[in-house]
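Just below sit the structures, each encoded as structure tokens.
Two complexes are shown next, each including chain A; its partner changes from chain B in the first to chain C in the second.
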Partner chain A sequence: MSNNVNIDVEYLTRVEGHGNIKVNATNGKIEQCEWQVIETPRFFESMVVDHSYKELQHITSRICGICSIGHTLASLRATEDALDVDISRQDELLRKLILHAENMQSHVLHVGYLALPDLMGTGSVLPLASSHPEELKTVIRLHRLSNEMSELIGGRTTHPQRLIPGGFSKIPTEEELIDLRERLKNSTNDLTACADVLEATADGFPDFERETEFISLTSDEDYAFYDGIIASTDTGTYPVEDYLDVTNEFVVEQSTAKFARNNRASYMVGALARLNNNYDQLAPMAKGVAERFGLKPVNHNPFMNNVAQLVEVVHNVRDSIKIINTLLDEGLEAQDDYYEPEIEVKPGRGIGAVEVPRGILFHDYTYDENGICTAANCVIPTNQNHANIQKDMEKMVPNAINTKPEDEIKLDLEMLVRAYDPCISCSAHHLDVEFVDD
Partner chain B sequence: MKPESVKPKVAFFDFAGCEGDQLQVANMEEKILDLIEVVDVVNFREIMTERSDDYDIAFIEGSIASDHDAERLKGIRENASWVVALGSCAAIGGINSIRNAQPYDLVQDRVYGDDADKIEAWDVAKPIDAVVDVDGYVYGCPINQDEFVHVVESLLQGKDPNIPTYPVCVECKMNENVCVFARDPEKNAANIKQAVDNGSPAEAGPFCLGPVTRAGCDSQCVNEGTTCWGCRGLVPNPNENAHQEVLEKYGLSVDEVMNKFNLYFGWQQEELKNEQ
Partner chain C sequence: MAELGVIGLGSTIRGDDGIGVALVHELDARKLPESVELYDAGTSGMNILHHLKDFDRVIIIDAIRQEGDPGDWVFFHPEDVSSSMEIRSTHDANLFEALKLSETLGERPEEVVIMGVIPADLSLSEDLSPELEERLPELVGALEEKVQEMVRPA
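Right, the complex of A and B next:
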């Protein structure tokens, strides 16, 4: 029992960026229960204005180091949509491959380095180097594999260089892809070992559910990351062009980042949202992992996002092998050194929607007749999750103050926010551009 | 105050940035296990819950863009024996300084509209040495892991790190790349000049900041098929150290190259102007 509670977590650790958890209760009456976002704004939507379409993916990649590949791809897709540029099937497959690599990298980092310490009862991954060396080495091997995959396709693990409007400046060789496929196949034991570790500790997640809406991309073609239309577990599908009708961002006093809502007071994006919308399209091995945890759609436990991330890592590996098979079967078409696709510049607006590790991401650019950006808007996954985190806290706290001591409530709340894997520095450059003609 | 223990205590802090440089540290994979053999990580919010104000080396990622940031950074400076800038945003202002050239009321209006009054930020983004003394710099967007280790080792051994003061062109030529300005013969020379005069070099075919940008990256963006974007910042004294041969060949001046196509140099250019 904790009728008097004063929880003040300033700068929550093991998340990307700066956020606070504040809870105050006196004699069982809750006076404050807030998820606060306190990041210094960076003004990206202004920074890109007056810059050429050739520079935008380079600039907006810097919104987030962890999902720089996803930002680069959402940016390129918005630019290509605005300028009516088609890319080849080969380039599309290579882009899907590098998006898998980033999703793996980010999820392994989150589940293995950031979330697992809570389940192991440590403050960070560092003590695991001596207490659980084999488990930690397994996580490191998977993390390195995903990074090497990003480097192979994009030229670098973070802020990729080869991804440019219309395609790639350089592509991997068939030999490199064959070698990568071999390493992906050989990672099966490590994936199983990770699932074993998580399964053995998963009872450490608090028992919690709250019904909410889940939004992600969906596609007939595959478990959507790179391409698709918007899907909601509540209200069906929407074309990507209608994203502003879905995201409905609004300003709240407690946050320098905006919150979002669609059908209810809040919605959730990310691995669990994708799994809830697209479960049937998961690779069989990934479904097998989901079954071990009893995870099936529609699951309303936000802590299961950790499990959904692991399920997606398995899917990323399996689907990457499939993509490499297709590329090799069709034969890799070589391209010139320092390749730069011909692009005819024209005025227009374009929207790119891509699933990045933390959820659905939108970039929206307007270009003038010289290909210079005149307006931009980006809607970031973590922005879309802030309201859902707040609503989860509002449900969790009243129950907890009657049943748990303060330090347990504090840990539960920290674990709750971490389960969303928030990327706060991404989310805190508010995004408000008026598109009058919508 | 100098560290007394054999195992120095290190701390990581972030300000306005993408945390991509700390990610490069995390991406050292197995090598991190070696690193924590020789240093004690006592503060690294992105990966650990424990925090301590007792540290010898503070690594700072991100630019400084508000009073709150500046006060926090000064506090870190007081606690640390050495402060090291990690990555372009901290070392030179970096990509954040693009907005320094834009009128601040317009910047606020574009991003926040009617809510602009709720935002507390400076009208420019600054590197950390605009606010506190800095003992070491790891350049790049993102940083290079080997250079990071080299700077740390140098500091601990009391030596100056060996960071190039020559331009990227030097490394690029050693890598035998085709010069970016020579990739498309039809578009170049006259065309580059014209495009630079119009303030839109990207429209004239590939444009490269290699001649004025500090080397140390092994010209990796050119190797990967694109061009130098300038992420490591200007060479020291650009008028003396820029790559004159390339500039002369294409009829460009140092000022034209660094003023007309600029993603990372915003703060450095202001400083150069103030010195003149």
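Right, the complex of A and C next:
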């Protein structure tokens, strides 16, 4: 079929940031097969040094416009770990709620606006407005609900202002939470409609599997997003403090972002990794959606990450309703607006690990005796997926060049990268440059 | 639902590209009718879609590439533009797409007016160029006049 292949996708579309897909084969012999990351490194870890613990979550939130809430929470958890700050149960529940909001926001955007056009064969979300207006309206309604939920708890849809070390500067009222709960309950039809659309088109995903390792947080308490320990489908659990032994970042020539590996040459993080590790803790309605697609742990098809994202959206909605019920049952403890918890500053190091839409995220800060940051490290989910994308390509291409025409291989590879929902500019955040002295 | 929305688009670290945002903030200091709502949309791109639905009428302010001197401005309706490529936002191509999508979804405000301002300098800077800075009072005046004109009694 395509024994001579020259695929050169410069700036893959419908992903965040800039990445290239390069495949070259002559007479069936593969000369190049690379996932290239070409973003400029952004040096956030250097940027936060010399800043106060009060500012770090606002600065690192800017690593990403999609997972700004996740970065804010990983940052706060690292700071609170370093300074030995405990937060109230109420604040923890509100944080879990806003993390659900972000996960919904991001997943709905990805599945609805970025992945669905591949399955519908439209190349962009815009034609869907004419060809599938009702389906698109459903997606937009869910996206809006999650945006407004983020705004209600964080003060705005992205880059939340109310999340601060030790808690919140302002919390929603009981009336606002009751209203949100109603809207979440009313979204059931929209969630079902989304599952219907994806199910009707899911056979458009290429048939592909590659055994790999899946890493995420896990917790006895719930399907872990906000809190837990590190879990691998290969090697069991690790305390969060050992994250460097799990992520093992390394530099490769084809990428300005670091790659990562643990037990194998690569591992995967994100919705599918979480589902593979924590399936039993999904809300029943979310499990129902997983069952419709035959999605069970451990699933080794990266394209199923799209489905896992939809399953998680359903879980996010159901668990949010549960959290609001708990908050209302226990009674919301009022606090003044512009509240600032008292924090006693001390030197130390702290690590925060949070599950964000694209996978497990680590922030690691060291503070001096004045609460000024002296060192920082962030390990971003998309970094951890780059090697897995590369290895998937290496498995997919040799089979494909003998069986498929070039344009089909190209689309399959684009869909593969999109399935990971990469946030490329987040991942190209730091390079260690060492100058050799003469 | 606010009767009239005034939405500023642009990147405030790209010099005059941030003129839309700057004008919305300038307008914020003026006394406006209660039915006017201001929105600093920054570079939020497609997110503008979620705000268009809240207004009967909108003025969207953005930097545009056009013949003329820096600081010259023009009010126009998007339906008068033959191709979105000709008058294309300097930082983001999504405005016309968002308007189109809004229309298909039946959410488009009944009247959309775009105020396009010609920039002098789009290089990295948190300040407007001296040319636009000098003409800022003129620009705010023109915008305020347009706002008063579009807030019609029901």
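Assume the second predicted complex is superposed on the first by the 430 of 438 C-alpha atoms of A that agree within 3 Å, B and C clash if a C-alpha of one lies under 4 Å from a C-alpha of the other, contacts with A are read in each partner's own complex, and residues count from 1 in each chain.
Rule of thumb we're sticking to: a contact is a pair of C-beta atoms (placed from the backbone, for glycine too) under 8 Å apart; a residue touches a chain by one contact, two chains touch by 3 or more.
Treat the numbers as computed from the prediction; the structure is a model and nothing was measured.
Chemist: Based on the shared chain A superposition, would you classify chain B and chain C as clashing or fitting together?
Modeler: clash
Chemist: What is the contact status of A:Glu175 with respect to chain B (first) and chain C (second): first, second, both, or neither?
Modeler: Neither partner.
Chemist: Once chain A of both complexes is superposed, is A:His58 in touch with chain B (first), chain C (second), both, or neither?
Modeler: In the superposed model, A:His58 contacts chain B only, not chain C.
Chemist: For A:Leu126, is the partner it touches chain B (first), chain C (second), both, or none of the two (neither)?
Modeler: Once the two structures are laid over each other on A, A:Leu126 reaches both partners.
Chemist: Can A:Asn147 be said to touch chain B (first), chain C (second), both, or neither?
Modeler: Both partners.
Chemist: Among 73-81, 127-135 or 145-153, indicate the stretch of chain C whose C-alpha atoms run into chain B.
Modeler: 73-81
Chemist: Mind sorting out which residues of chain A both chain B and chain C touch, each in its own complex?
Modeler: 126, 129, 137, 140, 143-144, 147, 157
Chemist: Please output the residues of chain B touching chain A within their complex, sorted ascending.
Modeler: 14-24, 26-27, 29-30, 33, 36, 41, 44-51, 65-66, 68-69, 94-96, 98-99, 102, 106-108, 110-113, 115, 118-119, 121, 125, 141-142, 178, 180, 183, 200, 202-203, 206, 220-221, 224-226, 229, 263
Chemist: List the residues on chain A that touch chain B in their complex, please.
Modeler: On the chain A side, the touching residues are 11, 13-17, 39-47, 49-52, 54-55, 58-59, 62-66, 68, 109, 113-114, 117, 123-126, 129, 137, 140, 143-144, 147, 155-159, 161-162, 164, 168-170, 251, 256, 337-340, 345, 370-372, 375, 425-426, 429-434.
Chemist: Mind listing the chain A positions that touch chain C in their complex?
Modeler: 126, 129-130, 133, 136-137, 140, 143-144, 147, 157
Chemist: Applying the document's contact rule, which stretches of chain C touch chain A when the two form their complex?
Modeler: By the definition above, chain C touches chain A via 47, 49-50, 97, 100-101, 104-105.
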